[in-house]
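There's a structure below that I have some questions on.
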Amino acid sequence: MDAIVQIIVSGVTLGAMYALASVGLALTFGTMGMFNMAHGLFMTIGAYVTYSAAAVLNLPLGIAILAGLTAGGAVGALMHLVIVRFMLDREDFRTTIMVATAGVAILLQDLILKYYGAYPFRQPAQIEGTFRIGNVAVPYQSLAILVTAAVLIGATAWLLKKTRFGLAIRATAMNQDAAKLMGVKTERTYLQVIIIAGVLAAAAGILISSMASLSPGMGTNPLIRAFVICVVAGLGSVAGAGMTALALGVMEAAIGYYFGARFGFPILLGLVILVLIFRPAGLFGKAEVIRS
Amino acid sequence: MMGSGVLTRHLVGLIGFAALMAVVPFFVTQRYFLGEIVLFMIWASVAIQWNVLLGHAGVFSLGQMLFFAIGAYSVGMLGVFYDVTPWLSMPVGAVVAAVAAFIIGIACLRLTMPYVALLTFAIVFMVDSLIRTDVECFMSHGGRCLPLFGGGQGFSGFDDLGFRKLLKGKWIVGNYFVVLTVLLLSLLASIVVIHGRLGLAFRALHDSRVYAAARGMNRTRFHVVAFVVTAFFTGLTGAVYAAHFRFAGPSLFEFPTLVIVMAMIVVGGLKSTWGPIVGAAAMMLLIEFAKGWGDIQNALVGTVLILFVLLLPKGLSGVISAGVEKMVKAEPSRTDQASPAKQ
Amino acid sequence: MTPLLSVRGLSSGYRHQKVLHGLDLDIPIGSVTAVIGPNGHGKSTLLKAIAGLLPSWEGEMVFDGNRLPAGAPDRARRGVVLVPQGDQLFTAMTVEENLLMGAFARTDTNAIKANLDEVFELFPRLRERRTQRTESLSGGERRMVGIGRGMMANGKLTMIDEPSLGLAPLIVEQIYDALGKLAREDRSIIVVEENPSRVADVASAFLLMDGGHFAWTGNADDLRQSGDVLKTYLGG
């Protein structure tokens, strides 16, 4: 019984972080067919800026977190304005944008390494203490992560489904030309989508660093998880990504508990590949559109 | 018929390149520079194979360094655990890489482009973290406990190609020619693939998937064949890397390494035949010069990659061939000026 | 009277291929113009260039007294509406959501509601299917959604690309009935069709397109009298 509670608590915490990490990735891919290799660096930047604002500048935690989120969105916007914008009309956009964002990733990672060094700083944005479910000690931080992820993903879903702004995004995702003909300024929509993805990634980065610590390469691990989640959910499915993330988080925690932590991800990946052999379109179907 | 003419032209080019590279050690004698050229040839070979997949077959694999590492680890493991000479373990490494590619290819290549990229990347990451976190003792070596895949340290200090005994101070020249042979094999294979029947199939698949399907061409099968062939030569290159440096470790999986090779392809010109060689040379020179400006290699590589994708998507080979075309066209236009009646 | 749309010297095309070669065109207010001619000679390209989906390489366009801005979104907001070939619906949205997307650039909520009723009156089938996703509709129903979505924009100029393409004759008739009702004093329409006989009753002016030029222009009477000229272009 305690084992199951333990698995669910750590699994859901993991899953919530992975969900936050993957929703932005799925959103950008679903809207513009852009696979962003620099998504992991958006997480890293969000985490480091929050750290700097709180631990170095001694700003209140709320403002520090806000600064981190803003930084994630700003880096996304910058990448769009300087690079992505000029590549959108290319025939082989899907391939070349991956190459270009890989370049952005390595550049940003190097800049962070140069500025902060490789020292694993402790993220100040966290809550101390635990409470108990049965015999299992649950950190308040786990609860905070779950709530933050749920709120942010819920807000994103609401934005997509219920607002005029979301309508424009969904229309653009389904048919770019038709959206333009309806008066949707798709170029601006793309910019907005990348900013949202940047903010969500930064939030994921802050949460992840609060559980582990800060390092220039901290984005890689969750990015790979996000990759796998998107593969299983079908790229572009935002709600699917959220659900898959939770499921995979719990599974990884269970495998880790029974077979050792280092096998959590490998066994999961093996299972995913096995599933894909029989369902090449992913678990949630094949359409590459946003179904929120 | 036209295709075989192109093939012949590239093969003549290959012979010329081979001759050029073969005389280099007679003029360049400093070990440092020869070592850098050896490294250039290794990365050029990896880039050549990756370009076949990325630029020609349309397979967006991010798993190339895995096959490179399989070749390297084969040499390292067989050398450390069983004292096998690299001459034997190199072909073994290439074959193991090809077999691994076959298994991964069958599992992943039915998916569409972005999924292939995601999965191959995830597989490399998984292998990397499994190797790094392995602490179980497989064999004691030199008073040190060594896990089966070498753990975070990897393998080093195993038997080399034997030129240190044979050629003494000039051992690197021996290694040079072994690496050159591998590069030439890799280049030959790429030329045959790109301009042979397989390349024709890739172009047919690229131009019209429906037509190709109607002709009974199976996209996945061609992709798996390309995946296995390129993995074989990438593995062979990894094996010769390990034999030259007497090292194989998880640092081969690092993201910057992948991006540097990617930059070589893009700088040289994606979809070209000789671009990766041009690109590898250009990137090696750039990195060499950048050493004088401090430790900025990765930031520089990233910037160059972005600039080329944005501004010169056809790479240096695109610039060169456009320049050649201009010169060819400029010739008759000059004669036009001489006879003003023509316009 | 100044025309609603006046095009002078328009050239456009795809990447490196020029398709339209310096076209002149005037669309009067409240008219129905038919662009006819064989496939692959630039009819759809013309509509896309006017709508702003394709950039103009040369020439200028004056619409409603102003030069048209670049880009489809801004032109849509000015009232240049294109119902594209193949419908281009938002497949994962419902019929009603698709129709409301047509009014995306508008803010006059009450008028939008009235417009929606108008569309449902014209195509009663769509009212029955309003909550259905468009991917589950028949070809004819999709065309109705496409045209209805165009109507929802309430533009001054509505361009419809091959409304009869791929539909059964009976449905084509229904669609053209609806198009006849669409024409109003304050709304100009351009219809593209390969075959002039379908549009003969609806349109007042005809433009025959061949190789990116207008090879022949005239009104309905001219069309009847110049049967021979047209045959050479349309192959009988």
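Per-chain residue numbering starts at 1, and chain names A, B and C are given in the order in which the chains are listed.
What we mean here is this: contacts are C-beta pairs under 8 Å (C-beta built on N, C-alpha and C of every residue); 3 or more make two chains touch, one makes a residue touch a chain.
This is a predicted model, so every value here is computed, not measured.
*Asks:* Counting only chain pairs that touch, give me the topology of the graph as line, ring, star, complete or other.
*Replies:* Graph shape, chains as nodes and touching pairs as edges: a line.
*Asks:* Between A-C and A-B, which chain pair is linked by more C-beta pairs in contact?
*Replies:* Of the two interfaces, A-C and A-B, more C-beta pairs touch across A-B.
*Asks:* Find me the chain with the mean Cα position closest to the mean of all the protein Cα atoms on display.
*Replies:* If we average C-alpha coordinates per chain, A lands closest to the whole-structure average.
*Asks:* Taking the mean of the C-alpha atoms as each chain's centre, how many Å separate subunit B from subunit C?
*Replies:* Their C-alpha centroids are separated by 52 Å.
*Asks:* Averaging only over C-alpha atoms, locate the centres of subunit A and subunit C and give their separation in whole Å.
*Replies:* Inter-chain centre distance comes to 42 Å.
*Asks:* From the C-alpha centre of subunit A to that of subunit B, how far is it in Å?
*Replies:* Whole-Å distance between the two chain centres: 32.
*Asks:* Considering the complex alone, what residue numbers of subunit A touch subunit C?
*Replies:* 164, 167-168, 170-171, 174-175, 177-186, 287, 289, 291
*Asks:* Mind pulling up the subunit A residues that touch subunit B in the complex?
*Replies:* Interface residues on subunit A, with respect to subunit B: 29, 35, 83, 86-87, 90, 94-96, 98-100, 102-111, 113-114, 220, 224, 227-228, 230-231, 235, 262, 265-266, 269, 273, 276-277, 280, 282.
*Asks:* For subunit B, which residues are in contact with subunit A within the complex?
*Replies:* Against subunit A, the touching part of subunit B is residues 54, 60, 107-108, 110-111, 113-115, 117-119, 121-123, 125-126, 129-130, 133-134, 255-256, 258-259, 262-263, 266, 295-299, 301-306, 309-310, 313.
*Asks:* For subunit C, which residues count as touching subunit A in their complex?
*Replies:* 51-53, 71-74, 76-77, 81-82, 84, 88-93, 97, 101-102, 104-105, 149, 153
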